[in-house]
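To keep things simple, chains are lettered A, B, C and D as they appear, and every chain counts its residues starting from 1.
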Amino acid sequence: MREAISAAAAAELIPDGSTLLIGGFMGVGSPLRMIDALIEAGRKDLTVVANDTAMPGRAIGKLVSVGAIRKAIVSHIGLNPETQAQMISGEMEVELVPQGTLVERIRAGGVGLGGVLTATGIGTPVEEGKQKVEVNGKSYLLELPIKGDFALLAANRADYVGNLEFSLTAHNFNPVMALAAETVIAEPTSIVPIGVIPPDAVKTPGVLIDHLIERAPV
Amino acid sequence: MREAISAAAAAELIPDGSTLLIGGFMGVGSPLRMIDALIEAGRKDLTVVANDTAMPGRAIGKLVSVGAIRKAIVSHIGLNPETQAQMISGEMEVELVPQGTLVERIRAGGVGLGGVLTATGIGTPVEEGKQKVEVNGKSYLLELPIKGDFALLAANRADYVGNLEFSLTAHNFNPVMALAAETVIAEPTSIVPIGVIPPDAVKTPGVLIDHLIERAPV
Amino acid sequence: MNPKERIARRVALEVQPGSLVNLGIGLPSMVANYLPEHVDVFFQAENGVIGLGARPPEGMEDPNLTDAGGGFVTAVPGAASIDSAMSFGIIRGGHLDMTVLGGLQVDQRGYLANWMVPGKMVPGMGGAMDLVAGAKRVVVAMVHTAKGTPKIVPECALPLTAERRVSLIVTEMAVIEPTEKGLVLREVASDSSVDDVLAATSAELIVDEPPAEMTLA
Amino acid sequence: MNPKERIARRVALEVQPGSLVNLGIGLPSMVANYLPEHVDVFFQAENGVIGLGARPPEGMEDPNLTDAGGGFVTAVPGAASIDSAMSFGIIRGGHLDMTVLGGLQVDQRGYLANWMVPGKMVPGMGGAMDLVAGAKRVVVAMVHTAKGTPKIVPECALPLTAERRVSLIVTEMAVIEPTEKGLVLREVASDSSVDDVLAATSAELIVDEPPAEMTLA
């Protein structure tokens, strides 16, 4: 049984300089109220791990616009010219990671693996500085696990114990990120009593969630 | 859109000597009709990858009893004295793998990773003969991917395109094995029209399934 | 017919019934428009749906159902929602039958560069490196030259997307198949000649047999 | 009270409200019987349920809802079904607060052996190696001696389950905490003396302060 807290109260838990895993894909399935609360609270020097930085004025793009991000570990910044500008000016460090490698690195952090052995990135700039491991005569990059101080997730429904459901393409990185942070905060669209979400419909077990954000204003 | 085939027709597809990934945990969530069909067809020299060999007379235990298994790659044989007897007599080779390592090895095979780096097994007989990889000063075993010629899955419901749902503790190894074999055969309890299983309820996408076994006799 | 439509129509012929296909953003996404209506194909979008459908009717968009470019889409009956781990598990595990991607350069070895122009454009690789490394077939759909400069070159000057020979290159002028021996010219468009194609290509093309005329869906 | 019930009752005191706990088969599974009725604890069974409940009423068993030993169980309200990848992701990723396991031997270093007796009994490690390597707390629940032979030994003769110091050993005679300095005797049962415990233990025990009397739930 969880208590629901406000997005503002959640932002209070998150110090400047934190590493945040933030769910979402071009803003779809991103915790929009928590992002707004972080901006409201003036958080800065954040390291953000996410699929992308969305677009200016949308989701993670808002954090970019206010200069809250010191480092972004993402697969794509093509739709956010502000990210590209801050990267070129040196205001923001950007580590570009192939999308499949990014999700596996976060998963490895979440499930306690020592790393990921992948063929993705071999023969490209992605392999620079990385250890290679030979398995059965084939070469793989050793990609390191990623963990966050906080995971900020968006979900469709939560129940009172924190079990989560996601909708269509709003799943994306959210279920994997739920495993990979010290403190996991979920922002559901609605919160339903225990038993409303049947066991087989649960995508992320509530035991992984530390805090629930109160439901969206009606 | 798939055609449903009989368990006997599925057994015809599977030659002697095949490597089979078989879902189930102590027989729960195992493809019972397909196992019976394999025995009926007299299949032998099988390599079976599964969590366990169940109990004599039940699920994979039936394959043990008829001597159809040449090699078992499993985490537990404690409830099947026949497996232990065949292992000691040398009739069956048994590779014991920690359960979490087993599921990750199958997943690695299914999602195209070069291996699994895990702390499980370090300092135990499991580490014998295995490469160790150092990551950030910590030592991990390199465990190799597993793939099968066939995956034999049990599911709760399937729809006409092969999308699968599983029930409670009958999920176990089935969803991961769906990714890791050349040919994937699913044995659902019932088969429903397209659209009956909504997208968010699908645990295994139908595109991974090659054959559906016709529903259980009423 | 503009060059992009022609390319999309030719690529559409590569789509096999019963297959799982990923279409990149932009030109590649146009391929879906030229398939037979009831063809048994599932489209995957790497952001998390198998069974991607057309644009939704006005006013019926769902903010939780978009393609990898963030545009609203629909889901076909029999669709499945998947998270990013499953999405890339399918891509990297060899379960995707075909991906269609745009290209900046393709070289003699059949290697593709399509994700950055150093110092100019660094959008990030997104899922492209995984798609090229993992899909069973990789089809590059691109215009033949960039403002007159050949894009099919002896060796990519731009950073590679993967060290993997792509399966087919389709342009508005030609269909070219990278093989172990090199780039084989398979088809030439009706309004081009073999010499036109050779002139617009800086890589060496193998023309063993007279190429066929390019057909379109 | 028989020794096993006493052990289970003592271990029950280790279960923290709000925690996620895995109980091994046999003796460890008895721990659930001695918790306060409405304590906010979720039990995980490694075969795939978070929120394992008691045995089902006669005639209401579901063949798809069992514990890791294959016995019928129920699910509590708020339970979640998980597959083996998620189950062991939770165990190995450090998300499991506590596991209670049986033991064949525990040694001076706090290392546990509990999965095989070479040449005699090779049931396989099942999930035990993952549980010991991954859980935040590992509590070993076992009788103090095997037919008079000490099970708490200077160095395990049996193959280890993991190279990890367990958190606590609970027997019918004593509660012992493995620490960096060695095995510290924390509690002694009311019907045993410190000398009894020392006599039944072949490993060295540290008895710095007089141990407390063992309390039971």
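Heads up, the rule we're going with is that a contact is a pair of C-beta atoms (placed from the backbone, for glycine too) under 8 Å apart; a residue touches a chain by one contact, two chains touch by 3 or more.
None of the values given here were measured: they were computed from a predicted structure.
**Student:** Have a look at A-C versus A-D and report the one with more C-beta pairs in contact.
**Tutor:** Higher C-beta contact count between the two pairs: A-C.
**Student:** Can you name the chain that lies farthest from chain C, using the mean of each chain's Cα atoms as its centre?
**Tutor:** Chain D.
**Student:** Please tell me the distance, in whole Å, between the geometric centres of chain A and chain D computed from their C-alpha atoms.
**Tutor:** Chain centres of chain A and chain D, defined by C-alpha means, are spaced 35 Å apart.
**Student:** Quick one: report the Å distance separating chain A from chain B, using the average Cα coordinate of each chain.
**Tutor:** 32
**Student:** Taking the mean of the C-alpha atoms as each chain's centre, how many Å separate chain C from chain D?
**Tutor:** It comes to 55 Å between the two C-alpha centres.
**Student:** When the centre of a chain is set as the mean of its C-alpha atoms, what distance in Å lies between chain A and chain C?
**Tutor:** Measuring from centre to centre gives 29 Å for this pair.
**Student:** Identify all positions of chain A at which a residue touches two or more other chains, and write them in rising order.
**Tutor:** As it turns out, chain A has residues touching two or more other chains at 104, 107, 111-113, 118-119, 166-168, 199-200.
**Student:** Multi-chain contacts only, two chains or more: what residues does chain C have there?
**Tutor:** In chain C, 49, 75, 81-82, 88, 92, 134 touch at least two other chains.
**Student:** Among all the chains shown, which pairs meet the touch rule set out at the top?
**Tutor:** A-B, A-C, A-D, B-C, B-D
**Student:** Touching residues of chain A toward chain B in the complex: what are they?
**Tutor:** Those in contact with chain B are residues 104, 108, 111-119, 133, 135-136, 138, 140, 142, 144, 165-168, 199-201.
**Student:** List the residues on chain A that touch chain D in their complex, please.
**Tutor:** 1, 107, 110-113, 159-161, 163, 179-180, 194-195, 199-200, 202, 205-208
**Student:** Given the complex with chain D, which residues does chain B contribute to the contact?
**Tutor:** 25-29, 51-52, 55, 74-79, 84, 87, 96, 98-101, 103-104, 107, 118-126, 156, 166-176, 203
**Student:** For a test of understanding, state which residues of chain D touch chain A in their complex under the given definition.
**Tutor:** 20, 40, 42, 44, 49-51, 75, 77-82, 86, 88-90, 92-95, 134
**Student:** Residues of chain C touching chain A in their complex?
**Tutor:** It comes out as residues 45-49, 62-66, 68-70, 75, 81-85, 88, 91-92, 111, 122-130, 133-134, 159-163.
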